[in-house]
Every structure is written in C-alpha cells, then in structure tokens.
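So that we are looking at the same thing, I have put the structure below in structure tokens.
Chain naming follows the written order as A, B and C, and within any one chain the residues start at number 1.
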Amino acid sequence: MSAGAGFALGRLAEMLEATLEASPERVVTAVASLTGAGPSDLSYVADRDHVAAARASRAGAFLAPLGVTGLPAPTLQCRDPRRALAAALRLFHPSLPSVPGIDPSARVAADAKVDPTASVGPLAVVEAGASIGPRVRVGALACVGPGVMIGEDSVLFPHVVIYAGCRLGRRVIVHAGVVIGADGFGFIPDAAGPLKVPQVGIVVVEDDVEIGANSAIDRATLGETVIGRGTKLDNLVQIGHNVVIGERCLMAAQVAIGGSSRIGNDVMLGGQVGFADHVTVGDGAMLAGGSGVAHDIPAGQRFSGTWARPVALAHKIWAAEAHLPDLLRRVRTLERRLATLEARPPERG
Amino acid sequence: MSAGAGFALGRLAEMLEATLEASPERVVTAVASLTGAGPSDLSYVADRDHVAAARASRAGAFLAPLGVTGLPAPTLQCRDPRRALAAALRLFHPSLPSVPGIDPSARVAADAKVDPTASVGPLAVVEAGASIGPRVRVGALACVGPGVMIGEDSVLFPHVVIYAGCRLGRRVIVHAGVVIGADGFGFIPDAAGPLKVPQVGIVVVEDDVEIGANSAIDRATLGETVIGRGTKLDNLVQIGHNVVIGERCLMAAQVAIGGSSRIGNDVMLGGQVGFADHVTVGDGAMLAGGSGVAHDIPAGQRFSGTWARPVALAHKIWAAEAHLPDLLRRVRTLERRLATLEARPPERG
Amino acid sequence: MSAGAGFALGRLAEMLEATLEASPERVVTAVASLTGAGPSDLSYVADRDHVAAARASRAGAFLAPLGVTGLPAPTLQCRDPRRALAAALRLFHPSLPSVPGIDPSARVAADAKVDPTASVGPLAVVEAGASIGPRVRVGALACVGPGVMIGEDSVLFPHVVIYAGCRLGRRVIVHAGVVIGADGFGFIPDAAGPLKVPQVGIVVVEDDVEIGANSAIDRATLGETVIGRGTKLDNLVQIGHNVVIGERCLMAAQVAIGGSSRIGNDVMLGGQVGFADHVTVGDGAMLAGGSGVAHDIPAGQRFSGTWARPVALAHKIWAAEAHLPDLLRRVRTLERRLATLEARPPERG
C-alpha cells in the first residue's frame, strides 16, 4: 500500500528535520514495523525500550530518538520520533487524489448541490437539498439526508448515515457505519408507555473532527448537539442529545456521554467511560478508562473509577480493597480482645 | 425544520390545555431553546431553575409550569410542561406524509409483498417472501431479509438490516444501522475450537418499540427473542439470543443483556448496564448506569454498582470506600495500642 | 425455517450417536424449544433441571442426557446433548446452497476477481483489485474495499464494510454492520489539536473466525491487526489497532481491546470487558463480564473486576464491601473504647 519510488535518506532527513550520519543516498520505499521491515523499508524505534528489537530488525533504515546509535542500518535521529513517523507516513502514503464526480449508480436528488470537485461513490444516496462541498468524498453506500451540509475536504467512509439537517464542517473524517443525527432518547413516563418527545434539533460537527466506526451522535431535542473543532472520537462512541463537546478532545472507544452534558476543551476520556445526563467536565480534565461519571469534574483534574474520584484516591482505594476481607477479620479479633480486656476486674488497690 | 405558518398563542393554549393571560393573537412559528429562540419562537421553561434563563431569552412566548409568571413574553402555563412541549413539537413538526411507492433503484424480490401505501427508499433491498405493511417506510439502503414481516406504520431508517424471518409489529421505529436477527453467540467448547450452535430462531419486536442507532438484537437459538410492546432502546444496545423483554421498558445507550435473560415490564436501565446470561429482572426494577448484573433483581427495587446491590447500600459503600485507605492505618494503630494494653502486667493484688 | 420432510428417530439416533428405546419410525420435522414444540417437533432437555418442563412439553421427541427417561415422548439419550442439539440443528437447517454469480445491481470493479462459485448480493460494492474466493457470499449492500482478499466459503452478511487491503481467511463469518479496517485511534498531542498518525497497516482475520454484528476492528498503524484462527467475537466488540488475538478465543458483546494488546489462545472474555493499551493476556485466561484490565493477566487464571484481580479475591472483596459502612462505625467505637481503657490509671501497688 506504499506509493512511488521511495525517498533517499538524505532527502528524508531534511523533510523530517532529522540527523543522519551515513548513507544519505540509500533509498527506502516503504515504512514498516521492526519485525515486518525488510532492507528497503524504513522502520521506527519509539524509544530506548525498542532498541533491542531494532538491533534484530532487517530494516534498511530507522527513525529513532536523538542519541540512539549503533543500530544495524542508517538511523534518522529525531527530536520527536512519533511526530517524524507521522510525517514519514504522510510522505509514503499521500492521500489518494479524489476522482471528482458522481458515480452513475449513486442516487443524488435533483436539488442537492454537489461541488464539481467532490466525489460521490457507488450506490451512495444524497437526499433533497443536501450540500456537498469542494473536494468532499462521499463513500460507497453512504446516505446523506435531506438538507445536510458538508464542508470542504471532508470524508465520509462507506455506510455513513447522516440524518436530515445536520451540518459537518471542513476536513471532517467520518468512518464507516457512523450514524449522525438519529433521535435523542427522550421519553415522558406515561401509564400507556413512554411517550416520545420529538427530537427536532440537529448535530453540528465542527472542523477537523474525526469520528470512529459505528459511533452514534444523536440530534438535539431543540437546538444543537455539538462536537467541537479538532475533537477525535474512537469507534462505537455514543453521544446523547444536546451534548456540547469542546475542542481538541480525545475520546476512546465505547465512551457514552449522557444527554445535555457539557464537555470542555482538551478533555481526554479513556475507553468505556460512561456519563450520566447533565454532567459538566472542565477543560483539560482526564478520565481513566471505564470510569463512571455522575457528578461534575473540575478542569485539569484526573479522575478514575465508578463513580469517579481523583486518580490518587481511586488507586489507594483499589489497593486497600485487597486487604478488606482480612480487615473484617482483624476488626472482629480486635473487638474480642478488647472485650476481654474490658472484662478484667478494675484494679483493686 | 419547522413547518407552516405557525400558531396563534390562543389556539396553542387550547390545544396544549394551557393557561394564557395575554396576547392570544400573537403567532409563533417554531419551537426553540431558551438561548436559541427569537421573537417568533415559542420556548420552554422546564422548571423554576430555568426562570433566570427565560428572563434573558428573546423568545416570543414561553411554555412554563403553572405559577411561573413575570417572564418577558406571553406565557402558556401548563400542568405538565414537558408533555406540553412534546405536544407542541408534534404540532410544529408533524410527521411528513409518506410518499407511497417503491423507489426505482430499490431491489424488491418478485414475491415480496409491499403494501401500496408503504414506501421503499432508494437502494433498499427487500428479499424473497418479505411482507411490508401499510404506510411502512423502509429507508434508503435498508435491507429487509427473506420472510421478514413488518407491521403497519413502522419506520426503518437508512441502513437497518433485518435478518431472515424476523417480525416487527406496528408503529415500530428502527434507527439507522440497527441489526435485528443476527446469530446469537452460541458455541460449544471443543478442542478444535468453539463449535457453532446454529441459531434458527427469530426476533419478535412488538408494537410501539423504538430501537436506537447501531443497536444489535440477536435471533434466538430456538424460538424467539422478544422486545415487548412499547419498550424503547437507546443507541448501541446489545440484546442476546433468547432474551425476553417486557413492555414499556427504557434502556439507555450501550446496555448489554446476556442470553436468555428475562426482563419484566416497566424496567429502567441506565447507560452501559451489563447483564450476565440467564438473569431475571422483576417488573418496575431500576438499575443505575454502569451496573453489572449477575443475579436476579427483584421487582420494584433500585439497584446499582457491579455487582449490583440495593442503591442505598451501594451509595453507602461508595462513600465509605473513601475512608478505606485510612481505615487500614487506623486498624493497624488499634492493634498496636491494644497489644500494648494487653502487655501490661496483670494487676497485682 | 426448517427444511425437508423430516427425519425418523431411528435415523436421528444413528446420526447423533444417541440411544433410543422406542418408536424409531416416528418422524420429526423440526427442532423447537420445550414450550414451543408440538407433536412433530424434536425438543431439547439441556439437563435434569429441565425435566419438569419436558414433562409438560407437547414435543414429539426429546434430546436428553444419558439416563433421562420417563418423558412423555420418545427420548434420544446423548452423552453430550448440547453437541447433539447443534448437530440436529445442522441436519434440520442445512446451509442454503449458495447461488453463484454477481447480482446485476452489484457494483464490481473491472479488475476485481470474483470466483465463479462465489455470490455477490444486490447492491453490494466490490472495489478495485479485490479478490473473492470460491463459494464466498457477499451480502446485499456490503462493501469490499480495494485490494481486499476473502478466502473460500466465507460469508459477509449485508452492510459489512471492509477497508482497503484487509485479508479474511476461509470460512470466516462476518455479521451485518461490521467494520473491518477503519483507522486506528492514533494521534499525537499538539497545541493546534491532536495530530493524526496515518494508519497504513491492515487487518488479518484468520480461518474460522466469526465476528458479531456492528463490531469494529481497526487496521494497524504499521503491520497487522490479527484475529486468530477459530476466534469468535460477539456483537459490538471493539478491537484497537495492532492488537493480536490468538486462536479459539471467545469474546462476548461490547468487549473493547485497547491498541497493541496481545491476547493468547483460548482466552475467554465476558461481556463489556475493557482493556487499556499494551496489555498481554496469557493463554486460557478468563475475565468475568465487566472487568477492566490495565495490567497483564497470567495464563490460565480467572480474573474479575476493575481493575481485574483473581476471581476468588474479587468475590471476597465484593462480599466484604457490604460490611464496609458498618466497619467504619465499629472501628470508631473500638477507638473510643480503647481510649477509655488506656485512660484507666496504671495499676497501683
């Protein structure tokens, strides 16, 4: 899946702002893992823990942290090797140029606006009044609902569904199977059964958001559910109605945010974190994987557990719990011994 | 996304059974949130906590609880404002009339029965022997398997998949990406690897059920997996094979019900609640979000935590846990002090 | 959904290696549950707990464990009744013969290779360079990406999406809505917002794997995410990038495996188990439903809870926690009583 004739190491060193001590003319044609790499591949040494694996690798060159030397092939030493890896991957795997145009098998409503530089894949559906911006790619079998707006350079992978009226910004990436804009879960108790509250708001996905496969983001009851600029959601994430998520957040797989919650900027959520409704999380807060959040989380704090507590306390509790069964016995023993002591006759004197 | 020329407040007061003190002739054309509303919008004051926000709102009229007055625009006072909101939303956003007929790009098997009042969307698939009732809407790119039956007025959003032989009742709403009738997870341990038990039952979804986006409901091994009348499932919910769910239940996002469990009527499950197999939950029980359920839950009880306990006990434990690390130290201190006391020479006398 | 004219009990006894004491000529035409069975059905008695239900059943014959007699209809006694049930279900519900060929509505790239014995369903998409092996079934509306390879006898249910370059082995079953090969969740922190690390690896699904509805398996950053031979995943499971899963594992619904984790052979994971990144699980380990795994799990051990501990300890802690609120009070009382004792004047004498 690599492209082109490869890069000389000297040229790579320039482009990646790396130091190279030898063999600037050697050419590598792909990036590969330490174990998978062969003599024409560039491989990647994340940190000193991987130096032993690198010594056993057949790679033709390495990206490594500054100061890592003595590897069996020429080494591009980088201040930030992970960032250099990302840059190298972009060099070796440039985005394929979009082939503009609407596949003849796609179904595009007569009054939908599809920019001539956009592409609409086979068997995709674009409904009435939708607007598809420049260089957008709508994948095979995707469904863009009535009145949906998609900003320039966004990518919908196959099988994405966007319900009526939702708006996506620029450079948004939506992976396969994502559903944006389904009805929020709003019901009123009633003796005849839960009574549906119509969900007439929309979802707004701001610029540079990425949404993982099979995630679901519900439309607002009124107004907007918002995913803020630059936020990244992993797979199978659930965002309830009227949630507002700030900018640059990272949410790992299977997170679930309850309705009307407010998530600040730069918040990081581990996998499977779950929120009650109407919770507020301050900027820069972090929640460990699996946490359950029923109360507000202050900005900049790290919390963990169900229900979430400050991480240090949560860890202490977890460690102490191992002694809890024994503690019960020890307290029972203390009570018995104390009773014995108390039963001693008072001092005669 | 609102429709029509709007409603005069006097007319709305009648239809919503609300009290209006002034301006019956004023017309509102949409419903909007307190912050989003403008002078031609009706907005909504859920309770007295929202009165301050209402005072700052530019809305042209308000729905509010009885006794809420002094707002900056005419106020429809309602006994149950949330129910009035739902009614207002239905007035302003009536269901779009279904356009009957089969889109020419849909693939409908020759022997499938599609009621002439039903609609089948673009690129939908209806397989052999399926039966689609009156006024049903099958969304774009949905797939209705062989022999599936769908009752009148039900709605399948785009990308729903229903496997062979499953049955949906009337007025069922199935959101995008839902899979109904995939094989249950049934395997027999075997040295050569898990041996599949064929799953030959079906799923029965009763009347008035709603199923959230990307949920999965497995077919029974034998017989039926059942979702009872009026039950509502949120997004990304998992229902195992042979589960039987009663009527009017509410299950929030990412709930998972293990195989062969029995859920009573009017049960409420918070988000991410997980069940082992073969668990029974009594009528009207409630489980807090994130609970893990490995044992039966009695009717009418509220449980919480993993594994679930009565809510009051679970809360007490959670609060007490904060003291657990300290408790360990205190017990150690007690043991030392007690040993000192015990070591005192017995009274001489 | 049963097929054919049925089987005589004598013939079934031979095929299922069962003992039959009477009525070898009686014919049953379907398999049904104890409550659902009628006189022409074979039903199934899992163990002695179900004998009472069997006595009330109208079934025409029973599969039952050795030694179960006295049922109201002829009984096939089997050493392993669950395995006999699976065999009987395969007899009564043989796989429908694949109808080879490409549905005229499917979109198959000119240079894709589709074996003439394979079937490609209505409105499916097979992209450039993909290779579909003998007797493979690609369901309606499925999307097979560029360069994907699918081994013989595999089945993709409707709406499966396989991203570019991924490889599936033989006899793989992929249920509806599964996404294989979406980008892993790899980002580098950056002041301007998380910076995407291109994900250029693939997913390899080995022979005899089954993947449940709406699951998501991410492609590797470099190299391969691997699902080992014979492993079975339930619905809504999340597998992160670069995860390597061994052979014959069972993972229940909503499991989430963090990036780069290594899961051994014959590992069993209950529902909703969640993993941090870079965790290793040894062969034959078991994790109870809902466990959270942040540290390596040794081979052959059973763990439970968040964070996971050995099952016996986890159960003891759970039981002891019920006494924790009371324990706090008891320790406070002990402290007071001890202080009183300590305050007694030292013995005079």
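Here, a contact is a pair of C-beta atoms (placed from the backbone, for glycine too) under 8 Å apart; a residue touches a chain by one contact, two chains touch by 3 or more.
These numbers were taken from a predicted model, which means no experiment stands behind them.
Enquirer: With touch defined as above, tell me whether subunit A and subunit C contact each other through largely the same residue numbers, more than half shared, or through different ones.
Expert: Result for this pair: different.
Enquirer: How many degrees of rotation map subunit B onto its copy subunit C on CA atoms, rounded to the nearest 5?
Expert: Rounded to the nearest 5 degrees, it is 120.
Enquirer: Mind checking the centre-to-centre distance between subunit A and subunit C? Centres are C-alpha means, answer in whole Å.
Expert: That pair's centroid distance is 25 Å.
Enquirer: List, in ascending order, every residue of subunit C touching at least 2 other chains.
Expert: 123, 141, 159, 177, 214, 236, 254, 272, 306, 321, 324, 327, 331, 334, 338, 341, 347, 349
Enquirer: So in the complex, which bits of subunit A are touching subunit B?
Expert: Contacts found on subunit A: 107, 123, 125, 127, 141, 143, 145, 147, 159, 161, 163-165, 177, 179, 182-183, 185, 187-188, 192-198, 200, 202, 214-216, 218, 221-224, 236, 238, 240, 254, 256, 258, 272, 274-276, 292, 294, 306-307, 309, 313, 316-317, 319-321, 323-324, 327, 330-331, 334, 337-338, 341, 344-345, 347-348.
Enquirer: So in the complex, the part of subunit A that touches subunit C is made up of which residues?
Expert: Interface residues on subunit A, with respect to subunit C: 1-2, 31-33, 35-36, 44, 82-83, 85-86, 89-90, 92-93, 103, 105, 121-123, 139-141, 157-159, 173, 175-177, 208, 210, 212-214, 229-230, 232, 234-236, 247-248, 250, 252-254, 270-272, 289-290, 305-306, 318, 321-322, 324-325, 327-328, 331, 334-335, 338, 341-342, 346-347, 349.
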